[in-house]
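Labels for the chains are A, B, C, D and E, by order of writing; each one numbers its residues from 1.
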Amino acid sequence: MESVNLSSTPVDYIPILIQLGVAVSFGVLTIIGTHLIGPKVRTENKLGAFESGVQVIGNARQRFSIKYFLVAILFVIFDVEVIFMYPWAVNFREFGVEGLIEMFIFMGFLLLGFIYVIKKRALDWD
Amino acid sequence: MEAFILEKLILVAIVFTISLVIAMYSTLAERKVAGFMQDRYGPNRAGIGGILQPLCDGGKFFFKEEIIPAGAHKVLFVVGPTLAIITACISSAVIPWGQTLTIGGREVVLQVADINVGVLYIFGVVALGVYGIMIGGWASNNKFSLMGAIRAASQSISYEIGMGLSIIALLMVTGTLSMGEIVAQQSGFVNWNIWVQPLGFLIFMTCAFAECNRVPFDLPECETELVGGYHTEYSSMKLGLYMFSEYINMFVSSALMAALYFGGYNFPFMYELGLSQNWITIIGVLVFFLKIFGFIFFFMWIRWTLPRFRYDQLMNLGWKMLIPLAIANIVLTGVITIIKDTYF
Amino acid sequence: MNNLFILLLVPIVSAIVLCFVKNAGIAKWLALAASLLEIGLSVPFLCAFTPDASVQFEQGWTWIASLGIQFHIGIDGISLPLVLLTNGLVPLIVLSSFGKSYKGNFFALVSFMQAGLLLVFMALDGFTFYVGWEAALIPIYFICALWGGGDRIRINLKFFIYTFFGSLLMLVALVFLYNQGDTRSLEWDTLVALQLPESTQRWIFWAFFLAFAIKIPIFPFHTWQPDTYTHAPAAGTMLLAGIMLKMGVYGLIRWLLPIAPFGVLAYSNVIMVLCVIGIVYASVIAFKQQDAKRLVAYSSIAHVGLISAGVISWHEEGLQGAIIQMVNHGLSVVGLFFIIDILQERTGSRNLSDLGGLAHRMPRLAAMFLIILMGAVGLPLTNGFIGEFLLLKGLFDYNLWYAAVGGLTLILGAVYMLRFYQKAMLGPSQERYIVADIRGHEVAVLAVIVFFTLFLGVWPMAVLHLSEASVTNLLNQIKF
Amino acid sequence: MGAIITLCILGILLLYLGLFKMNKALLPVALVGLLVALGFTLSAWNTDAAPLYNGMVVFDRYALSFSALCIVVTALILLLSKEYFRNISEHIAEYYCLIIFSLTGALLVNAYHNFAMLFVGIEIMSVALYILVGIRKSDFASNEAALKYFLMGAFSTGFLLFGITLMYGASGTFDLGALRNYVTSAETVSPLFYGGVLLMLCGLCFKVGVAPFHFWTPDVYDGAPILITSFMSTVVKIASFVGFLRLFSTALVPLDAFWTPVLLTIVIITLFVGNASALLQSSFKRMMAYSSISHAGYMLFAIVVIGENSVPSIFVYATAYALASVIAFAALILVKRMSGSDQFESFNGLAKRAPWLAFALTIAMLSLAGIPLTAGFIGKFMMFNNVMGSYNVTLLVLAAINAAVAVYYYLHVVVCMYFKNAEGAHAGHTTMMPAPINYKVVLGVAAVLTIVLGVYPDLLLVLFGG
Amino acid sequence: MENIVSNIQGIPLNHYIIFCSLIFAIGVTGVLIRRNVIIIMMSIELMLNAVNLLLAAFSAYRGDASGQVFVFFIMALAAAEVAVGLAIIIMVYRNTKSVDIESLSKLRW
């Protein structure tokens, strides 16, 4: 535990950049490669949207259930609350009991909101 | 500096190749495991025991015609799978594959990048993964694809909360965000985090399954309902990239689980056997991969054992079970740690 | 017993009580009783008043401690006549409304206004003064707008905003004065003792003057007045012309002269010219009027022009004349407006061309009308005479030419007033009017007015000796 | 601090009461909670006001007095809400809860001693309001108001934050006390700091809605449900002003040579724009919106000339304004319920139908116009006095002109009530349906308070140790 | 921490300030000229992120963590704001079938 290396330099991130570069080039090259290699015979049927062989009706980009949206909003809120816990969790021992209680209060409020959301049946899919 | 970059370049190349190969052979393994579970052979024509099967599949992907539907958004349609494979490939950058290896007097750390926010990095990259699916699904202009994409997004963000919360309990134990540190702390056998965080691990694993869109959480692409979901309209290597990214994700999450909870490269009695550092490292790497393979097998095992969830069950599990459980886990961990620190 | 605060309290209480009285019959008697009680209460003040320069019956409480603002009231020789005038006219006004079926709220407003007016005349603190100043405005606005005629909404809004703007300027000046000096205070004594630099006094002068000039109103600021007077109900007009415009003149004497003497000095010529223009202009316009009420309204502008000129003239005679003339004008204008109201009620018109030959049908009215008219014109032995005489004397001492032009007011006043009387009362009788002579409360009101018209005409010292010492003191106080 | 904690818990309690279908208990519980919070606020009156929680908040008398005012006004507004919310939607508990949360934010803004708390307070206050403004989900005006309010609120928050950031960059602190030290002790104040002050000024001006950052105000006030408008134009506005004043009076006073001209310009523009626009309105609600802009201009006087009198004068002014606004909006709710319109015409003949309502509204209008014997006059007097302290005679004359203009539109409604007769469908109604008891209480309390404070303002002023 | 601070300090502070001001300005411009509500909202987020970046830079320069804590606050509240804002936009969209700011013209300023 003594040798905890807290410091991190931009140099440490260079390998990540390297890996990113490799990944990007892999993805792009593959796409280009298939584009060049594959045969191209275009027919109208082939270019139409696939709906299990049934006649396509309407545009696919239409409105969808509000529930998904609700989930997205809840995610935004809860995920940000979770972010608050990271620094606390890492330094949890230093904060001791007081920090624990404070975080419990925070989580208590979070939980109250959470229970409210559940009770409001915002997460029920029927 | 040049040496450092060269070293890292080689390491990246190795990691990259390994993950691609593992991803490729996971497809074979999957079919083999399926065959085993269902008491049949699985692929066994190409090469001995079907060993060349992935290569054939890959070749087929390349030589198939690529179709971009007329109604699709051309650019995004191509960007989708590319993004998916990129995010899949870079998430492995912070995983420590082994301890240091001394080659010709030079100490090589078997980790691409030991940054102090490794866990956050993984979360960030994993969160990006959903964009690939979302973009591809939306760009296809197909109802199935859109459905799949939305489900994927919804599912992955739902389980991300549970995952984050379960990791918090782990962080309370480890006190660091660096992957290297976390694994180094788990030397030997009794120090593995699984012993102090069993519940956290279960939650994490469940969430990892969901994040990877693996059965029983593969609703975004369930072929019986959505005919492949977000990749309904994809063909040739673009489909291949999606599948690749999925298997790489599986590989990375297995590695993550092994590293976070099962000691990574650590194995019992590693220091007691009197081995030299290089040997410990090499054995460690092998042990690590053994653990990874174990998890990959577990993934497949589950796939052929459990039926798929309904969507409401999926959401209920994520929100109403895992999140409260994860919070309870945090509370438990906090209380126990404090009590332990104060009284023992 | 000589408690000024009670004098203030009675109208307020009666106003609150009257608010709840729905019955018109009860309301008017109640209002009359209250106003008579008020007179009864003010008589002891007159008796106990020693005619010297001091402020008497003073009462003061801390009002807003943190701002150093006092509620401070008192009476001296200048305010006593006006207090008495107010208290004396209000019962007349109430009485004059007996013929109408006003409900309690009307009388409540009148009572409330009475309180505001009294506060203005008694105030010895700038804040108190301002409160009274505004408090008097609200009820008269409602009286005029609720019971008035014509385009009452627009006219009264104009009146309100006009006067409110003026008073805001005064507020600015007061706030400025408040910040001068060592202690934060709006006490009259403190303000008078300030001795501001001349340049400051100049704009202070304008801020105060505009507020007062709009209220009085002096020539270019008078545009609200004829319309408002014409379209207000009779009682409203009486309140406006009889008492409220005195607020402005009183303000000039009480606040403007002592606080900004250099300002007055610097601009007295300008003001004088305005007053004189106002006198001539209003007289000419009055002469052309067909509407009797409008005629009296313009005559009022002419009269107050002269009064203001007297105040500005800075002579004892001018100030004394202004004070007595305020009382006189209050009496006569109330009488005139009441007479017009009676005429309108009887004949349905107050247009001079519709009237005529009423004298022999209404002899009592004709007689009283004539006496009041004489008072307004300023004939000897009536109250107006001594007032106008003193005012002109003051003006004469100031500048001969102003006095000369100002003197026109006597001649022109006689002309348009007599024309009014002639058109309304004399001449061929209009057969279509079946009119009865005045009776009951009408007689009572007019008789009181006639009595005082003659009484003050014979013995003006009744008022003058009250204010003499105070005026002299005021003039001595102002140091150049 | 007790008050803020109480309110937090109260909000959640209300939410859960709604969850368990105890809608009847909502209002009583909310009022009791507010009472408790008020008790906490007042009980802290005589304690030492040291910054708490690492200098995050400070509950000095300044904060406490405004907190108490906000709580009282909220209680009055909540009293009006009894039937109001029920008519709008079934999510009543949420609205109570959101109002309480918004109030919590307001209290935080009142008491901040660190920019973090200012930001958090403003956000809590605003985010709750974004929702409240849009609670008429199917009403287009309400939607639009919510969207506009949200966009403008978020936009102004951006300015505020950039300002805070620049000030932090220059001084290295978010703490007001430390900021003051920086301003007074640094030999040269960094240009970054000046930029920060300007941007913060912009952000805060957006929040309080003064010209030229006012353009969202009328639309939002107009589109929002009346009750919410009344909350916005009273509690929220007051709290924003308090935050504004605290920043300038605590930290930025030494730089007044820099920001006074800017603020002075803003004040003058605000007065004229607010008044001139209010003059042209045919809707009472919109008129109130514009009048709130011009009142914001008057309240800025206290900030333009910061002195020992700033706090009491802004307090008295805010109290008067809040009481009058509550009366006005309560009356508007009643009138609109009957006539379905918030135009001036719907007030026609109100004096005959509902004399006491008309009377209360008249008092409110007179108070807003600043006529003596109402609280509004005392507020105006103190504001004028404040400005006069530094001999800003010109500003004062401009203010006087504006006050005279303002009388016109305030009297407009009085004119409608007393001097015009109802036409059309409502002409037949000789009496209005009687106001519910809670309205009577609110109107009565507010009107009496307006008069009492106008006659005896020491009741309030004594708080500031006059 | 020292390491990262020294590295960040390798870049002149002015560069951060100019860069963030530019981003902020882009955000402001976006709010003012774009008509799509979603894009306006994104522009606002851009403004906030410029602020975050600058705060982090200042914080690193001064070696004072409070700036970074502030970033946390901003992120959390921005999230709340976005959640509410999105809900409002959905509500408006359901009524008007449009996310164009021009369609909001019932109330006129």
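Everything that follows uses one rule, which is that a residue touches a chain if its C-beta (ideal position, glycine included) is under 8 Å from a C-beta of that chain, and two chains touch if they have at least 3 such contacts.
For clarity, every value in this text was computed on a predicted model and none was experimentally measured.
Q: Under the document's definition of touching, what chains do chain C and chain E have as common neighbours?
A: Expected: D.
Q: Which chains contact both chain A and chain B?
A: none
Q: By CA centroid distance, what chain is farthest from chain E?
A: Max centre-to-centre separation from chain E belongs to C.
Q: By mean C-alpha position, what chain is farthest away from chain A?
A: C
Q: Kindly indicate the chain pair that has more C-beta pairs in contact than all others.
A: A-B
Q: Name the most central chain, where centre means the mean of Cα atoms.
A: D
Q: For chain A and chain E, let me know how many angstrom lie between their CA-based centres, rounded off.
A: 20
Q: Taking the mean of the CA coordinates per chain, how far is chain B from chain C in Å?
A: Inter-chain centre distance comes to 96 Å.
Q: Could you give the separation in Å between the centres of chain D and chain E, each centre being the mean of its C-alpha atoms?
A: Comparing mean C-alpha positions, chain E is 27 Å from chain D.
Q: Measuring centre to centre with CA averages, how many angstrom lie between chain A and chain C?
A: A distance of 82 Å separates the two centres.
Q: Taking each residue of chain A in turn, which ones touch at least two of the other chains?
A: Correct list: 6-8, 72, 79.
Q: Note the residues in chain D that touch 2 or more other chains, in rising order.
A: Not one residue of chain D touches more than one other chain, so the list is empty.
Q: What are the residues of chain E that contact at least two other chains?
A: 80, 87
Q: Who touches whom among the chains?
A: Inter-chain contacts occur between A-B, A-D, A-E, C-D, D-E.
Q: State the interface residues of chain C toward chain D in the complex, per the touch definition above.
A: My answer: residues 63-67, 127, 130-131, 133-135, 137-138, 142, 145-146, 152-153, 157, 160-161, 164-165, 168-169, 171-172, 175-176, 178-179, 203.
Q: What part of chain E is in contact with chain A in the complex they form?
A: That would be residues 1-4, 7, 72, 75-76, 79-80, 82-83, 86-87, 90 of chain E.
Q: Which positions of chain E touch chain D when the two form their complex?
A: 13, 17, 24, 27-28, 31, 37, 40-41, 44, 47-48, 50-51, 54-55, 58, 62, 64, 66-67, 69-70, 73-74, 77, 80-81, 84-85, 87-89, 91-92, 95-96, 104, 106-109
Q: State the interface residues of chain D toward chain C in the complex, per the touch definition above.
A: Touch residues, chain D against chain C: 312, 366, 369, 371-373, 377-378, 381-382, 384-385, 388-389, 391, 393, 396-397, 400-401, 403-405, 407-408, 411, 415, 418-420, 456-458, 461-462, 464-466.
Q: Quick one: which bits of chain B touch chain A in the complex? Just the residue numbers, please.
A: Result: residues 4-5, 8-9, 11-13, 15-16, 61-71, 78, 81-83, 85-86, 89-90, 92-94, 112-117, 120-121, 138, 140-147, 150, 153-154, 157-158, 160-161, 164-165, 168-169, 171-172, 175-178, 180-181, 185, 227, 232-233, 236-238, 240-241, 311-312, 315-316, 319-320, 323-324, 327, 330-331, 334-335, 337-338, 341-342 of chain B touch chain A.
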